[in-house]
Amino acid sequence: MSADTSFAKRSNRAAILFLSPALLFVFAFVAYPVAYAGWLSLFRWDGASMPVFLGAGNFVRLAGDAIFWQALFRNILVALSAIVLQVFLALAIAYCLVRIVPAFSRIFLFFYLVPVMVSEICIGLLWRFMYNPYFGLVNAGLSAIGLGGLKRGWLGESETAFTAVVVVMSFTYLGLYVLLFVAAVRNVPESVYEAAEIDGAGDFRKFFSITVPMVWDAVRANSLLAIIGSLKTFSLVFVLTNGGPNHASEVVSTYLYKMGFGSFEMGYAAAIGFAQMVLTALGAWIAFRYMKRIGAGAGAWS
Amino acid sequence: MTAVRRWNLTSTIVLAVLTAHVLMVIFPFFWMIYSTFKTNREFMRSVWSLPKSFSLDAYVGAWSGGALGGYAVNSLLIMAGATLITVVLATLAGFALAAYRPRWIPAVELSMTAAMAIPAYVALVPLVVMLRGAGLLDTHLGVILPTAAFNVPVSIFIMQAFFNTLPRDLFDAARMDGASEWKIFLRVALPIARPAMFTVAIVNMIWVWNDFLFPVVFINSPSRKTLPVGLTDFVGEHITNYPVMLAAILIAAIAPLVLFVFFERQITAALIGGAVKG
Amino acid sequence: MRLKRLLIAGAAAALAAMPASAGELSFWHAYAGQQDKVEFIDFALGEFAKAHPEVKLEVVAAEQSAYKTKLNTAMASGNPPDVFYTLPGGFLNAFVKGGQMYALDEELARDGWRDSFLESAISQTSKDGHTYAVPVDVDSVVFWYDKARFAENGWTVPKTYEELLALAEKVKGEGLVPFSLGNKDSWPATFWFQYLEMRLKGSGVVSAFVNGDPDATLGAEATKAMEKLAELAKQEYFPIGFNGMSDQEANMLFLNGQAAMMLNGTWQIGASADAPEGFELGYFAFPAVAGGAGDQSDVLAGVAASFGVSQKAENKADAVTLLKFLTSREVMTKYVELRKTMVTVKDATTETAAGPVLYDISNKLMKAAGHLDPFYDTAMPPAATNIYYTSLQGVLDGSLPPADAAKRIEDALRAK
């Protein structure tokens, strides 16, 4: 009993010691911006004149702003797509690289990382050309495989613009997650697989019943990364569609940018940012905790 | 580590699928490379065609049009500084979050999640006010510190996820031997954490290298500009010389790729040397 | 005692004034991102350094869109540069409203500085009788076409809107796009709406709102203009997916002959520099719309950029010296020569510097115009501009009824 409390005390002290540098550092640069955004969100301000106090006015407006809620909904779709098309696809790829074609893993990993390192300006430019209805390769490809009827002005039509952007995001950021997972998958001890192989498990079963549970912590961390990244996503939307046509592919960050730096509504932009931060943090945290429970369950089952 | 696997049908199929996929993923890069050898007129005529002649004018234009070498040095300095700070702080904190569970830990996790979620555009004005007050506006440090601060929370979670995979007995055994917590971190956790630290380092390098917003707003002097900011020298609103722009982007992308090739070996070595046997 | 306090206060004031004392000046501009812009500013600042070695400039350059973020952040954080590049109209007015801009009235009145500018240009940087920035360049919008191609196909330049539509139908029949348009960034389609509104109702509609005219209205003509615009899109006279195409992609369609015409600004001259062999750039005015109440000779032309001085600048004398130098006829003629863009300074857009096409537009089309109507999207307050942009995209893709769009824009213009 006394040993337990002494360890609790000791671990409490150690935790404070190890955490405080990071916490103090982050706090120093984040606390003021957050407080500032919170304060500013109570005003109407164009960035040049005296701010006008509105109270909760900006948040009332936000609550009734259909564009904001649609944008937020799109951010959630981006996050879901990122978990499937980036995180889980990357895990499958990492498994293949490490377990099935290890001889090629290094070169493939390198190739997957290329788009992550090329400037988003270039990625955006390339995909604009890919999607171009006249000389783009997407439409040309559809014609070539006899699906010419599906040709569209991908980025320019309300129905397809957002999906087209999501596809580009999946291509672009996938490599980062492959990189993160390769390290985790390599860490799974060979002996566990050997035991499964004796039971006659194929790659499919080994992937789902060994790899996924064994690297679940990495899945959680990467999902969190993907969720946060998706909820803050800006550059590719900005370059590809600028949120258009008529807000059809608007996400919260592009809307915030347009309000703050385009429309000179700094107070309203701060309210958007504040709401975005609170909702993102809550959403991500809940997902993170929930996945912990799934992970615990999966771990017990394996 | 991994036993040599017998090559079979699955391997062939997987290899074929991955090759097709990877070709799609890296197509941008190929396109970029061969496009830089075209003239702008050729490029405007047909975006996809291969160059008719082999012109290096784009590289000459890109190199002389901006001070790319100087920008690269600035980018490297900022990348190194921010990554170093982030890796050190995130390793310490990630270890604490995984190794100890006092009751207030969830509060820390929640506040770190909130810190990750702050939209950068909202933080611009207050950060500029802060940096000016500290005399750090238009300095490398003025970009390094906020950049690191914004990347530390995510990095903590990556490190925490790694430390969570380590068996508890590893630390408990050291405790039984009477090691202090600091010693446990230094002697037990840190050596094993090398691959994870490299991963965090690489992820951060990529982010910092490509970051545009903080450098463009916090840096004024041309001599302190970073590469992504310098690249906008080639992106006009109405008139753009595409091959020159792509050549500049390519030059900017080469440095991190080289770094990656270098570090990939380090990671692999670290993994082989430090992997935990279950 | 009191004397001592006064002395301390005086010393403090002197110290506070120190950083930007005589001879030092911060200057922010957006002449980056394009060869021609960089060449111009290098020339201008090089010459300035020779003529005024006593003034030490701390120059900050950023590409247009990054520049706006930078400048807005500097403004909002209370530390704007001394002299800076700014868009005229709504962008500048937001700073004027906040008391951030130094009125240049006195300096302009001296030595005939004001008279060196075109009056139509300087009115776009003025508000309530005060001038807060000096205008630099002027862009005007016309239809562009390939003369060689028109001749080859026997197409003739349309004089009326009906003829324009007939020509579009003919072009479409050939399997080509009549009008190239890349409306991803929303400003390109504004030219269509504004010209139709100018022809139907007349010039000065948005300026009336901006100047606080109580009778200002877009009128029923705005709905009609929106309807015509929706009709053009419905007839597929614009490229497929135009709302997601960039201006540069639209330019490629035009230069490669996949599209026959393009309604665009005079920067099209520079953007056509890399046209294929045999391409011969020509222009024609936006045609007359039958029954329209506007002066059918009016031209859409506005100031694209200007320079202003911060109210907070310590060293206004040197700031004005810099502005005077930048807007001198010599520097401005060089501007025309390097950028193939018209300038606001009288007689600086010379034939040799401008080249034949630009000179023709400047000297014939614009001189003959009843009015020059500045760009709506620049003139409006920034918040209204955003609504204007999205409404137009909505009308063009059929998701927003023309009458609703006209009402949304009118409401945004009325909002204070």
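Here the chain labels run A, B and C in written order, and each chain numbers its own residues starting at 1.
The rule we apply is simple: a residue touches a chain if its C-beta (ideal position, glycine included) is under 8 Å from a C-beta of that chain, and two chains touch if they have at least 3 such contacts.
Model, not experiment: these values are computed from the prediction.
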item	value
Chain whose mean Cα position lies farthest from chain A	C
Pair joined by more contacting C-beta pairs (B-C or A-B)	A-B
Rounded Å distance between chain A and chain C, as computed from the means of their C-alpha atoms	38
Distance from the mean Cα position of chain C to that of chain B, given in whole angstrom	39
Distance from the mean Cα position of chain B to that of chain A, given in whole angstrom	15
Multi-chain contact residues (two or more partners), chain C	69, 76, 252
Multi-chain contact residues (two or more partners), chain A	129, 132, 135, 260-261, 266
Set of chain B residues in contact with two or more other chains	47, 125-126, 212, 232, 235
For the chain A and chain B complex, residues of the former touching the latter	8, 10-12, 14-15, 17-19, 21-23, 25-26, 28-30, 32-34, 36-37, 93, 96-102, 104, 106, 108-123, 125-126, 129, 132, 135, 137, 171, 174-176, 179-180, 183-184, 186-192, 194, 203, 215, 217-218, 220-222, 224-225, 228, 231-232, 235, 252-253, 256-257, 260-261, 266, 269-270, 273-274, 276-278, 280-281, 284-285, 288
Residue ranges of chain B touching chain C (in the complex, touch as defined)	39-41, 44-45, 47, 65, 124-126, 128-129, 132, 212-213, 216-217, 220-222, 229, 232-241
Touch list for chain B against partner chain A, complex	1-3, 5, 10-11, 14-15, 18, 21-22, 24-26, 28-29, 31-32, 46-48, 85, 88-90, 92-93, 95-97, 99-102, 105, 108-110, 112-123, 125-127, 130, 145-146, 148-150, 152-154, 156-158, 160-162, 164-165, 181-182, 185, 195-196, 199, 202-203, 206, 209-210, 212, 228, 231-232, 235, 242, 246, 249, 252-253, 256-257, 260-261, 264, 267-268, 271, 275-278
Chain B contact footprint on chain C (complex, rising order)	32-38, 58-66, 69-70, 73-74, 76-79, 247-248, 252, 255-256, 265, 267, 270-271, 273-276
Chain C partner contacts - residues on chain A that touch it in the complex	46-50, 128-129, 131-135, 152-158, 161, 164, 240-242, 244-248, 258-266
